[in-house]
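Take a look at the structures below.
Two complexes come next, and they have one chain in common, chain A, joined by chain B in the first and chain C in the second.
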Partner chain A sequence: MPEHSSPPLWERPIRFVTFRVEQLSDTQFVYLLLSPVFLLLSIIAFWPIVSTFEMSLYADSLTDPSPIGDFVGFANYVDLFTGDLNALMPRPFFSLENPLQSALIVTLVFTVVSVTIETLIGFGQALILNEEFRGRKWFRVILILPWAVPIVIFGMMFFLLFNSTVGFGSEILHGLGLISTTPFNSTQDSLLLLIIADVWKTTPFMVLLILAGLQSVDRDLYKVAKVAGASRWQRFRYVTLPLVKPILAVAVLFRAIQAMRVYGVIEVMAGCNTVPSLSCMVVGSFQSRYYGTASTIAFITAAIIGVMALIYIWKFREEIA
Partner chain B sequence: MLSTLNKWFERFAETSFTNPERIYRSLFYFGTTIFVLFTLFPFYWLFVLAVTPNELISNMGPFPKGFNPSIFVTVFEQLPIHVYIFNSIVIALMVTFAVITLGSLAGYAFGRYDFKGRQPLMLTILVISYFPPAAFLLPLYRLLTGNLELLGMATPDLYNTPWAVAFPLSALALPFSIFVLTTFYQQIPDGLEDAARVEGTTRLGALYRVIMPLSLPGITTVGVLTFIIVYNEFFFSFLMTDGSAENWSPLVWGIAGIIFEQQYTTPYNLMAAASIIGVIPIAILVLIAQDKIVSGLTAGALKE
Partner chain C sequence: MKTKPMTSTNDSTEETNSRRTIPRRRFLGTVSAASVGLAGCSSSSSSSDGGSTGESNSTSADVPSDKTVVEWAIYPWIKDSMPELRQALWDDGLSEDIYVKHRNLPGNTPGDIRSQYQQWLSAGRSTPDILGADTAFTIPFVAQRQVANLSDRLSNESISTMEDNYVTQLFPTIKSKEGDFFGVQFSSDISAILYRKDLVKEAGYDPEEENWMTESMSWKRFSNVIKDVQKQTDTKHGFVFQANDYEGLSCCNFNEWMTSHGGAYFGGRDNLFGPVGDRPITVNEEPVKNAIKMVRTFIHGQDDEHSLEGYAGNISPEQVLQFTEESSRNVFTNGNSVALRAWPFSWQKAGSEDGFGEDLGLMAHPAGVPESEAKYDGTGGHGRSFIGGYANLLNPNSKNIDAATQVLEHMIGNVEFRYVLLNSAVIPPNLEVLKSDKFQQAPVLGRFIDLIETTAQRAISRPATISWNPESTAISNQVNSSLGRQKSPSKAMSDLQTKIKQIEDRLGDQ
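For the complex of A and B:
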């Protein structure tokens, strides 16, 4: 019967492809599956990283129609740290005289302080929540909500909470002597408010992660420890902590990398001039068409994150692996 | 008064020695209540400011100073917030589609095959996810605004189209999705696929008929997470568009635009109302898909 021997026309390409795929070895098949991803990533990830590095080796071009000037090697990197590029930027990149005005120090302070607070509160709250209680499902929604708030709205929320005209938030903190009456005019005050905002947004996320870790701990271990006469503190110290440590290590690394990139919330809440984070500086010099400076700062940011991650992974290699 | 307090405290201290569980119980209620209040207050605050008429907003206490629900209509007259939200949803759907298609191919390969180069390739993807968006900005901006030549042809100018935001964000969302999907594909038992293959199903047939249906929960999880991540993103959404609603600018501009364009008086109530409206689509998604979000977030973050 002819219908059997020749399939309908539209099926032919499908059959052909299926047949050809069937002929491939496992390795060839795997690379076929991976090729679209790596093709896309090479255009929108690998190439931009290489290109950013290349651009960082060229001077800014202030007069030319093309924004890229002469090849200068690593001069941009040297100039950033010695302060020779500061004239181009609203705030210095690194300066020991004005530590809280310089991008590198502001970003590092923000990262260390906010991640430490978030981890401590997150761990405490996760320990408290690690038991059955009514309304657990609703509580989980509350935990996800801050994570799911768009960054621009998150920035707006805290702008409205601490704006000096609106009052309330800024009045309470001013009453406690923590900030001045116009906090968004001062880097120090804005940095404190930024940390409070970040703690609000990410602590619930930390709780969620650590809670998942706590719940993967075998309950029988606690029973054994209890029978053996371990106190609550000892059960925490010798059962919970060692088992949760790997998850805690990963969560902290994950958060620190995110914190090093902070940008959007600053732009909306306090403005990049008040709190000059590293990403703020990249955007600022990019918008003024200082392409060489912008790519240098971008690459230094990436390098700092990379070194941080490597040291951290090395230090906690047993927990993470 | 002080003596009753003292007595109460003594009794509390006594019972806590005899019954330590009770201390933990009260600690639980105390800590959790503070935590919930701290988390929900900013949302409540948006509502307070939205319904207070703007001329009354100064030195606010914790309650509204008036009741003006019509602001939620005024917002739409003042700025096309619904268009911004629509643009954001279109961009988020585009990225979600790309990430699910490409990510599940890669996740399937990484999750079910052990091949030479698996470890280095996964490590490469992990390293990309460590790079700050700022490190991609300049080249991508020049590429997508048509300022580069590729093989003798100028690249198309995609600025002010959804593609200019969708391309960079796919790169940002892919690594995370690949890791979550790899975990999901690993969990599908080997036997099912082997059985289908033994019965003569082709490789692609097994992928389509056995693996795809089984991995549907994983794919929905990744879809929901990607959608939320893209809808919430700031960096590229802000820098790859010019801010006007008709030029596909996303929600970022709808909200931040009010700050940048304010003239004599700051429209605090408008800012708050627009923020509430912008958060509604995500809040609904969180309510519907909370289980997926939790499983995806914990799987993804802990695998990476």
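For the complex of A and C:
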């Protein structure tokens, strides 16, 4: 019998760790592997949110060399909703008297309208692309092109298109009675143009996600439904829609989160003074060194997005599990 | 017992293991090796970065490596004059070991530049060493002590030169409440009306005879003259200006129209620089509304329900509501407008041989009401241009702060330096130097020195206090929306009055 030699001293901790890892259940092993990600997330995502919240509890420092003012608790949140902070901002945060001048309402209107239109058009296009036809591959490539255009470039394209000096777009829409001759001077007109621009750019994103969902539907189900006498609408209503719903919800959630943070295209096309969004207000107040106000609006925006994500998780908890 | 064998008596585990293509041991080994590799790459890349880190500016071929480089952020168009400006500084006694390097302003609008400076100063960035800043936004930097106190650094002689010779309207924007200088005034920006002398003469007018340059005329006559010239010469537009929703409307264009009509933001010149929260707000008064009505008439004509009687209409395109400096200048230089409201930079461009040359005429701002009828002192009458300008601020985080201070010291009272700048369309803060023959004979701007001297004395500055930033935004919002016929002048000015009151109340105790 060969003598069992004990491992060298330096190898012992490694053997111990390896042994412990092999003892873990599958679930524990998965969590072990995910732990660096959780750690990283807590540093790069959770910590800034906590830090932003902390800063939102301090007043703005307007004349003092220190960038942060006195501790004021939740006063910034109260002032924001009661309108007391509006004085320092180009547009009110929330105002029912002038809904299209208020950042919260403008952002929500932009989000709801643009995401709804994008979802409807995206669904329609995805249904078409899900069918077999000649040149489908090329059609898909062409369709994705707007999504690939950088925000500043597409913002500038639409600005030039609807600019009253050089563009022809404003004349057409003005002729239809939809906008004035100088649309970028009006919040209402600019918001409409922003939604048109956003639909143009972002619909392909919806198409791609919904198409992925459609292609995961088992084709046999349609055959069974057809044999059972289901009409085209019934096949869509009772086969396609329920099976695509979870991925549709993910697509809508992603788009809604993006839309809630809209900033770049506004800055390029109409300017934050004309179309106030939540992100515009954060950037504007941050640049003016109103750090308390900027943090408060940023935290509220993050909270709204967080609530949207929670609703999704709650609504689709079974599919997620 | 040694390690547990991979095969387990537990069925489910066995099944799971059979699905795994990589055993955990090998997986851990692979991941560890990959991590070590990545760490190696990362370390090597960072060391490589570290090796190449350094001021890209200092490796630039045109900057001598043996000199102390002072970076100066200022107007982009004076970059070409930097060799002459450096020489003027050296000739004035600045050590030749100090090399002033030009850097473009970090943005196209005062707002962009202010934001960038705010971030740089908050972050403790060491360059640019000297920050050229619009006097619109120097006050917060001074109040928050984000820039260096120059009274502690400059010689008494330089401080006296500024106190005694520089235009005083802008002192409140570069001095602290205690009277210390935090900036060296760099330019005096005033505006004027540029017009096509050839077209005006073709239509039968004689600007020289009537001395339009310094005596100007009323806005009413101006609109009728321009309309007539536009019609007779078949020019596309009559008069273009900058009415976009931006700082240039609140500080300048609207301020000028309002002042020429005898109106004021805060009840006259005495309250321009405070006390914030304890001064009358007078934007809802008749002269101010008349200024808006006048410009609405220019744009929308007499059909506008808020037009002013006797003024010629439809001389300005609706696009002026989106125009800033460059867009309006392009219309004029392309020959599509008889007149333009613009800064010295445009005078220089349009008056050069590449532009209209001697066919360019300049006129002091027309009068809304005679001075005797104006409600507030120092308002009404002609020549009510805005006066502003840039100041040079010293970056307190500069690594070359002493050298940068020396540069500022030798800019003050340096006549040759000012002459080079005048030829780059920068009007000096010391207007006395303009009286010399050399300046009077300067190409292009030398022709307009009478206008500069008369207008600078009558010009109005913006109320650049700690509250100006939000007030400026509110003013441009309301004025632009009223000019665009989204609000009546009364409604817009009433809303503006409320908003400014809120701002003053909030910032009044700061």
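The definition used in the following text is that the second predicted complex is superposed on the first by the 267 of 321 C-alpha atoms of A that agree within 3 Å, B and C clash if a C-alpha of one lies under 4 Å from a C-alpha of the other, contacts with A are read in each partner's own complex, and residues count from 1 in each chain.
Everything below uses one rule, namely that contacts are C-beta pairs under 8 Å (C-beta built on N, C-alpha and C of every residue); 3 or more make two chains touch, one makes a residue touch a chain.
Everything numeric in this text was worked out from a predicted model, so none of it was measured.
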Touching partner for A:D26 - first (chain B), second (chain C), both, neither = both
Chain B or chain C, by number of chain A residues touched | B
So, A:T18: does it touch chain B (first), chain C (second), both, or neither?
-> both
Looking at the overlay, does A:A212 come into contact with chain B only (first), chain C only (second), both, or neither?
-> first
Partner chain in contact with A:T165 - chain B first, chain C second, else both or neither = both
So, A:A298: does it touch chain B (first), chain C (second), both, or neither?
-> first
Report for A:N273: first if it touches chain B alone, second if chain C alone, otherwise both or neither.
-> second
In the superposed arrangement, does A:W200 touch chain B (first), chain C (second), both or neither?
-> first
May I ask you to decide whether A:Y222 touches chain B, chain C, both, or neither, giving the answer as first, second, both or neither?
-> neither
Considering only the touch criterion stated at the top, classify A:S288 as touching first (chain B), second (chain C), both, or neither.
-> second
Which chain A residues lie in the overlap of the chain B contact set and the chain C contact set?
-> 18, 21-22, 26, 29, 163, 165
Please name which positions on chain C make contact with chain A in the complex.
-> 3-4, 6, 13, 16, 24-25, 28, 111, 114-115, 118-119, 122, 140, 143-146, 245-246, 318-319, 321-322, 327, 466, 469-470, 473-474, 476-477, 480-481, 484, 486, 499, 502-503, 505-507, 510
What residues on chain A touch chain C, complex-wise?
-> 15, 18-19, 21-23, 26, 29, 61-65, 67, 84, 86-91, 163-165, 180-182, 184-186, 271, 273-274, 287-289
Per the touch rule, the chain A residues reaching chain B in their complex are 17-18, 21-22, 26-27, 29-30, 33-34, 36-38, 40-41, 44-49, 51-52, 55, 124-125, 128-129, 131, 133, 137, 139-153, 155-161, 163, 165-168, 171, 200, 204-205, 208-209, 212-213, 232, 247, 250-251, 254, 257, 260-261, 263-265, 267-268, 278-279, 282-283, 286, 291, 294-295, 297-299, 301-302, 305-306, 309
Mind pulling up the chain B residues that touch chain A in the complex?
-> 20, 27-28, 31-32, 35-36, 38-40, 42-43, 45-46, 49, 57-62, 98, 102-103, 105-106, 108-109, 113, 115-116, 121, 125, 127-128, 130-141, 143, 167-168, 170-171, 174, 178, 202-205, 228, 231-235, 238-239, 251-252, 255-256, 259, 266, 268, 271-272, 275, 278-279, 282-283, 285-287, 290, 293-294, 297-298, 301-302, 304
